[in-house]
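For clarity, chains are labelled A, B, C, D, E and F in written order, and residue numbers in each chain start from 1.
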Amino acid sequence: MPVILVVEDQALLQSFVADALHDGGFEAVVASSGEDAVTLLKAHNGQYRALVTDIDLKGKMDGWKVAQHAREIQPEFPIVYMSGAAAADWTSKGVPDSVMLSKPFAPAQLLTALANLLNNATPTA
Amino acid sequence: MPVILVVEDQALLQSFVADALHDGGFEAVVASSGEDAVTLLKAHNGQYRALVTDIDLKGKMDGWKVAQHAREIQPEFPIVYMSGAAAADWTSKGVPDSVMLSKPFAPAQLLTALANLLNNATPTA
Amino acid sequence: MPVILVVEDQALLQSFVADALHDGGFEAVVASSGEDAVTLLKAHNGQYRALVTDIDLKGKMDGWKVAQHAREIQPEFPIVYMSGAAAADWTSKGVPDSVMLSKPFAPAQLLTALANLLNNATPTA
Amino acid sequence: MPVILVVEDQALLQSFVADALHDGGFEAVVASSGEDAVTLLKAHNGQYRALVTDIDLKGKMDGWKVAQHAREIQPEFPIVYMSGAAAADWTSKGVPDSVMLSKPFAPAQLLTALANLLNNATPTA
Amino acid sequence: MPVILVVEDQALLQSFVADALHDGGFEAVVASSGEDAVTLLKAHNGQYRALVTDIDLKGKMDGWKVAQHAREIQPEFPIVYMSGAAAADWTSKGVPDSVMLSKPFAPAQLLTALANLLNNATPTA
Amino acid sequence: MPVILVVEDQALLQSFVADALHDGGFEAVVASSGEDAVTLLKAHNGQYRALVTDIDLKGKMDGWKVAQHAREIQPEFPIVYMSGAAAADWTSKGVPDSVMLSKPFAPAQLLTALANLLNNATPTA
């Protein structure tokens, strides 16, 4: 199963996203802070197929920063942001070829966003 | 859950569409005529995230007209049409950036169509 | 239910793909060789809405050839390839407007790929 | 040279559009009313590769109607609209897969719009 | 003529870009620093239809920052970046729905990039 | 100036394409057979930014084969085909993410096709 790195600090949303991913056939690894996510990305580069991140996070690093780090590590890394109030900042703070899911969103929106990003990525042997 | 306005006058298709939406994590509000749909759109503008409409409807207003009204109320409103015989008229009677689902279609096609339209919409705070 | 022609010679993958399609509301007809698939496409042209094919197949005809035959029979036929090692050859051996799913992939990726190809196809009465 | 049917009733804009098309390597046939345009499309179906139409026209038929007629005659006909005040109505009155050029626009915008529509069209022998 | 704001501090590239824009029917206003560009965008919001910016600029503000400011002022503002060495940073530092032109690029690439961004923008009356 | 490799064996079309490219700011290197084109691609890999090829060529290698070779050498190489009678074969014989220009086409169509392919390519430092 393709593994997706999820960055979310609220237990309720962690379950919502992990369940949605599982129903679509993905495996979710959940990091509860941006700092943890970047550590995982650096340590296990190549293990994760995409990043799904909330914007507002407990630590010093918000979701915009996590995504930038992910793209510096792997320039074409698929990125999906989730946010309520911060969704309107996506056009100035998001990275190219990413998707912003405005809360509330349906699990089908998350799965379609991920699938489109993964299916458009260049296949490599 | 994001709420989708469904316009369909046949009970069997109402269930098919409502079940598909529910499985994808959407809530469905079903109007059984185009006139009812436009009344709901005018009364609760902002409550619905997208319109899913059949073309042939019992009243005087067909699905093409419902979609035009919806776009006059909200210029970028996501629209999905469903039809059998009338699907071929989409290129002359549909609105820009809409999707036509030719019957028979699978629930996954409806969910992907909706998710793509919602995910591409400009996020607003 | 829309019928999808699946070309796969391994029992495990046949089940994986057929289950995924069924969960999305599609019906799967499985051919276990490229030769069988082409025979079915020629005999029942118009019955299948899309082709999902593995690349490495037991017979003399690989998935690249099956897809080319399908497009010669019906020029806009929706094509989804599945492969591991051969995924990197898609840019030189695939047909235009097709999708390559790199193994391992999630069922949601297959459903989104198919739905996008079917939803973008020109509707015909 | 590919021939483009232009519908425009103002001499100044007729020249502007015809010059832009000519510079891009297209031939322009100019109709000064929607009625004339539809007559030409019916009489010489297959001769024109695309329609470029203003919205406000002198006769009873506006640009929205001309485009609908063109699509009824040829379902995938490439359409480019040009307008000032009426541009905002495109999302409710335009046809799918068309382009609206908001005045004032540059010749490069017209040429790119036409080229994209023609290049994406299915090639036929 | 649609007016494009160009941010470039080298005289040779200023001419190259201004000439290309002029040939495509655009008017170019050239700012020679990021700070000047932001001042112009704030003072004359609505006058410019798009931003074309180099990445390496003389002042403290590079092209990435200029684009972010432009998007904060107008959330859907069309952005085209031009760069040599910094082009590879676009996937982590660029804004969504922007275009990066890798030097050397042809005038036709600049015109097509701008035209696509302008033609896809929502028309407003 | 970005250099484009053109494969064309008719003098008249060589001039037409070379002039169009030059007007758009590209430099054209013309090979008069598919065999010559592949030799140039192998010898000077990285010098050419895109391939523009006719389908019917004098030697044993047609344009379909040249494009496949180009993609084997460089997996994402931008490809534009030009053809009259063979244009309808593009959906079965073309490579993914390529463009088919049906003759007769306008120079603006060639420039837009190339610019779109080059602008969408991943920038590399």
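The working rule: contacts are C-beta pairs under 8 Å (C-beta built on N, C-alpha and C of every residue); 3 or more make two chains touch, one makes a residue touch a chain.
Worth saying up front: this structure is predicted, and the values here are computed from it rather than measured.
Chemist: If you list every residue number at the chain C and chain F contact, are more than half found on both copies (same) or fewer than half (different)?
Modeler: same
Chemist: Of the pairs given as A-E, C-F or E-F, which one copies D-E, with over half of its contacts the same by residue number?
Modeler: E-F
Chemist: Could you tell me the distance, in whole angstrom, between the mean C-alpha positions of chain B and chain C?
Modeler: 29
Chemist: Could you grab the centroid distance between chain A and chain F? Build each centroid from C-alpha atoms only and quote it in angstrom.
Modeler: Here the centre of chain F sits 38 Å away from the centre of chain A.
Chemist: Which residues of chain A are in contact with two or more other chains?
Modeler: 75-76, 88, 90-91, 111-112, 116, 122 - these are the residues of chain A that touch more than one other chain.
Chemist: Can you tell me which positions in chain A touch chain E when the two form their complex?
Modeler: It comes out as residues 68, 71-72, 75-76, 88, 90-98.
Chemist: In their shared complex, at which residues does chain E touch chain F?
Modeler: Of all residues in chain E, those touching chain F are 20, 83-88, 90-91, 99-102, 104-109, 111-113, 116.
Chemist: Give every residue of chain E touching chain D within the complex, in rising order.
Modeler: Listed in rising order, the residues are 1-2, 24-26, 111-112, 114-116, 118-119, 122-125.
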